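Here chain A shows up in two complexes: once beside chain B, once beside chain C.
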Partner chain A sequence: MRHTRLTRRSTLAAAATLAMPSIARAQAAPIKLGLIHPVTGALAGAGGRCRLGGQLAIADINAAGGIKSMGGAKIEALLGDAQGRPEIATQLVDQMAEAGAAGFTGCFASNLGLAATQAAAKYGIPFAIDSGIADAITTRGLKNTFRFFPNNTTATTDAMAALDAINKKAGSPAKTAVIVHEDSEFGTNSVKLQAAKLPLIGIEVKALLPHATPTRDFTNIVLRIKAEKPDIVLISNYENEYVLLARTLVQQRVELMSTYSISGGGFNLKFAKEAPQVAENMIDFNHWHNPKDPRATAFRKRVEDSGQFYSWELPFGYFAVKLLADAWERAGSADKEKAIAALNASTFSDHFMPYGPTKFTDGQNSGAHPVALQIQQGDMHVIWPDSFADVAAVFPRPKA
Partner chain B sequence: MKAPLIVVGLVLALGPFALTSQSLVNFAMLTVVSAFLGQCWNIAGGFGGLTSFGHTIFFGTGAYTAAILQTRWGLNPWLALPAALVTGSLVGAAIGAAAFRAGLRGSYFALVTLAFAEVFRVLSNSLDFTRGGLGINIPLGMGAGNFQFADRRSTYAVALAFLVLATAAAAWLKRARFGARLAALRENEDAAAALGVNLVRTKTIALALSGGLTALGGVLYAQTYLYVDPAISFGVERSVEMLLVAMIGGAGTVWGPILGAIVLHIIADVSRSWIDTPGFAPMLYGVVLLVIIGLLPRGIIGIWERWRA
Partner chain C sequence: MAEIYAAALINGLLIGGVYALVALGLTLIYGVLHIVNFAHGSLLMVAMFAAWLMAEKAGVHPYAALPVVALAMFALGWLLYRYVIGRVSRGEDRAILLATLGVAVVLDNVFLTLFGGDTRQIESDLTFAVIEAGPLLLSVPKVIAFAVSLLLAGALWAFMALTDTGRAIRAVAKEPEGARLMGIRPERIFALAYGIGIGCLGAAGCLLLPSFFVSPHVGNVFVLVAFTIVVLGGMGSFPGAVVGGLLIGVTESLGGLWLGESLGPIGISLVFIAVLLFRPTGLFGAAR
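Let's turn to the complex of A and B:
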């Protein structure tokens, strides 16, 4: 008579077989998240980096076991290219909503964000803005829209406070300024506030020099700067013009205590690496991570090790997703209303931005602030506020 | 043969009202808006041979008219429709009078319209009246009385009404004496002048008519997306789209722009939905356009004409 031996292996196999249906039942349905960015067209670079940040966050959340309060539900990305057109952003919201999206992040540019958040509001689906600085995104009364990052009013107001603090710390050597700005929304908006605020911090504005985008030769503008002999030059323009102006200032040997930009389009690590002599000691007021947080350093290294260029858009895309995931985790559900309630009550602090825990007022995180950055020895450093600064400001910069 | 075509047309036009999918309705709405703008271009460019590269001037004028009327003067947005019809027509008449009195035609006229569009972009970028580069946010306030619709079927209904209006204008041009004068000057200006057609007057009226209708599209855009800025309003891409829709479908025909819009939007949407590689969808779109233009010089409607012949 032949007996079938019940070995440990066969027992485990039988147990696994019996348990399989219940395990399969326990696997939670994925949560669909729409990521809407311009990944083609003029905004493709920055939009693509926002998307990449979001994808990294999704990978991290899923690798760590998904949304635990929902039985380890994984997040599934729905990717959409808004091509820089508000009507396409709206179309993507509709398509993704019908595909079952429980949340959205995006859209890098304010005009895309305005259109997409409004479209998502019709479905009541939560929308975490990852970039798009226009105040109106969160001041229109949309209940579904949340911005973890600073808005325009905060950015421009803080920028003047930072300049004042940096100047005073050095003994207030800067008394005069020239403002160079591009003539569309971004530059126009910044320059009005700067021109009004600079006299209040003891800096006389000697000239406002607007230029078109694109501008391919800054010689005349730089010669006018030279004639005005300002202590500092304030710059508000986009990437190519920023770099070209900075180069021309060096080529024309303009003696300045510093340049100071607000959301300087070309002020990034690529510029610091490619034109170190030009970029050295330039100051920008912009978004950045908390350099004292080791998680930030590790995140930057991870991005750079993968061959990508690191910029502030990456943590923006990353934490927009994390913010939503935190809401789902606390709500224990991807239900739209529960997630929005969880976002309103959010005290999300598992991040490495210089903000502290979130506190949303009408969808805007009131604790979010940009920082003053300076390129020193080819790298980006925070120089203001002191609580997040990793180096002291070099101001005025040494004469050539 | 006409009856089945009318049935198909009615089903396509009225079908979206039965749809519950907002994305499908949105697709239909974008297609109809595109067909409407293409038809507006067609009235001047197709029937009159006034090949404009800057038709977005009128679109932007309408969009800014809607935005400024509400945000500066607090007027009801429905009033923007007649206002835009007037401002668009006036801008068309002004540009037409200036260009045609100077005897500009063909590629010179095309370049002038392109230049005017750039002038409008720079002006709207610089003036406080238009809030410069900041653009204008229209306050959110959903409701039919406020010309803001939560259900896209309502927006679609307005767009469809505009398309019917523009198509009726095109059909009228096909039969009316004024349309015959336009066709005559399109084919040979010197011969038309010799026959007694007042070239400047006829072309200016055509551009004013086209401009006024196009401005309605700008109002609809402003009321749908609630934000206008210089690039959205006066950017060259929209001009190109209007021109392409008419050319692909069949310029100078009544149904060409509608066919063109349907085909172009299907290609754009399918390529966007099926292909995830960034940049590949627009490239495919461009290739398909080249093929259509290369193989069908009379537009898609040329296939129908050839088949009937």
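Let's turn to the complex of A and C:
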């Protein structure tokens, strides 16, 4: 009997021991979220900031009690370095899916996002794009892919509308432009759209000046610009060439009403700080937070206080994660089909981007728009649209 | 239009001076010692970051930092050869090539980890200083880089031609066994010459920074053109590096003007092929 009693006790104890952790596991089973970004290689800086934004969101969500409808389930990050190579992004998706990822965010660059979303679609796992502007990311009919942020068509259309509005507000002084662009797919495609649309807003394109990447010296190009005497210069190139061109324009004393870039490669707060004379009053059409929202100011301060350089990639990484978390919260589950249904029905508005509540059409948030930015007094300011502008545009800029 | 051509010509000469600066160290390492130094671009990047850090953190202008950075880069080059490249390669050319490639990969990734992939720059009063030559505005930092590259080329030529160490370097490069029999220790000479070549990059980094930018990938922008200049000018020839640099600078500048900045760089390849067709040893290379 004793033996039986002991056996029963042992069995109960063992059952309790086994059961308790499994109950505990069920209550707090973490939701695995794959964060795929290029954190080494040429895109490491911006890719790393997207990842950091995502990590901050995960920390915030977990600190606030996790996904409450799932018993406070915490989010666990699976970090992947895509190294700027689409095939590695695809491999990471496979590995993370194997490890139980319930969702993905990424991938900073469009080519990585195109590859990774397609790979995730095989598993039907929801993918929230952070940065990656190519229209094709959400136009290929992938049911798992959602972009909270603007696509290329919106960015280019809005950019011309913004330039038109800024020019008209100043009495339409800008009538001519020269476009400087890098000669690969990015610059060439952008310039085609710009050259077609500028005449429609009353600006004549006097010259298109392509250049290779890398270009080590911009003096010749700037001399050509000087000879054309345009009112504005439109710039479509990458970071290194952007800063060299901007500096040479000042050095060669080119009188312009302004420069105007769309997603200008080098237009950021570091540029404003390191090259204050060059950067002052340059205009870029790009992503940014809503400067009138105090949560945005607090978020920027939090990033800068931690010694990091603040850029739009941080809120992008942050809200890609928040968007997914919101879907899990409403679905009450990390089941991929339920999460995708919740994303499709999303009206996510707990953010400080200049977008309003989300409304997804084929995975693209139709309310997402970039803004016109200008560096004034060494800081970044929104100058268009008026509803989000925190300062008035300096246009035309004062003559030197 | 004539003004634009004149400006392009002068600007080509100035940018050629900058190219020559980068090529000077390489002509010693690649041209004299025949080390295919894949780490050249990465070490230029290290020098530029050193100059940038001194400017950003300590407020020292890159021109003032030049002696310190050049000496530090000499020491780094010497140590690298003595304890990494020389030991790994054991004198085998193929192994040296791989060792320098390894050094480049390590340096690029260490700096990427430390500084991220962003572009950095400095701005000082000199950044926008120009010399007005009629309608032309000549960038002062480029004029300074041009002048220093000529001086440095002269100094290196004199060092190699007139000093015992210079003769020892040439002797080791030409006939290592013979040099050893004459009491020269080739390993020490190789490390010294490699250090001097990298020291030149220290100077180049400080002279480039005021008119350029720095990022962990900046070396790639210059390294291919530097190899072209060394072969074009004649392996191991310092005057050749300067003339080759100027020729490449002018070709690139005028090519950009005539053919557009996209197609312009093919001018460099055309000049390179033409020179090697008619002078296979390069412009100033000794006949074999």
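Just so it is clear, the second predicted complex is superposed on the first by the 374 of 400 C-alpha atoms of A that agree within 3 Å, B and C clash if a C-alpha of one lies under 4 Å from a C-alpha of the other, contacts with A are read in each partner's own complex, and residues count from 1 in each chain.
The rule is short, and it goes like this: a contact is a pair of C-beta atoms (placed from the backbone, for glycine too) under 8 Å apart; a residue touches a chain by one contact, two chains touch by 3 or more.
Values in this document were obtained by computation on a predicted structure and should not be read as measured data.
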Three-chain arrangement built on chain A, chain B and chain C clash or fit: fit
Partner chain in contact with A:R247 - chain B first, chain C second, else both or neither: second
Touching partner for A:P276 - first (chain B), second (chain C), both, neither: second
Partner chain in contact with A:S346 - chain B first, chain C second, else both or neither: neither
Touching partner for A:G48 - first (chain B), second (chain C), both, neither: both
Contacts of A:I221 with chain B and chain C, given as first, second, both or neither: second
Partner chain in contact with A:N237 - chain B first, chain C second, else both or neither: neither
Which of chain B and chain C A:F309 touches, first, second, both or neither: second
Touching partner for A:T40 - first (chain B), second (chain C), both, neither: both
Which of chain B and chain C A:D183 touches, first, second, both or neither: both
Where chain B and chain C come nearest after superposition, their Cα distance in Å: 5
Footprint overlap on chain A, where chain B in one structure and chain C in the other make contact: 40, 44, 48, 183, 212
Partner chain C, residues of chain A touching it in the complex: 40-48, 183, 209-212, 214-217, 219-221, 223-224, 227, 239-240, 243-244, 247, 250-253, 266, 270, 274-278, 309
In the complex with chain B, residue positions of chain A that touch it: 39-40, 44, 48, 79, 81, 83, 86-88, 90-91, 94-95, 97-98, 111, 114-115, 118, 122, 134, 136, 140-142, 183-189, 212
Residues of chain B defined as touching chain A within the complex: 21-23, 26-27, 30, 122, 125-126, 132-135, 137, 139-140, 150, 152, 221, 224-227, 229-232, 272-273, 276, 278-279, 281-282
Touching residues on chain C, where the partner in the complex is chain A: 4, 7-8, 11, 15, 109, 112, 116-123, 127-128, 130, 137, 139, 212-213, 215, 217-218, 220-222, 225, 252-253, 256-257, 260-262, 264-265
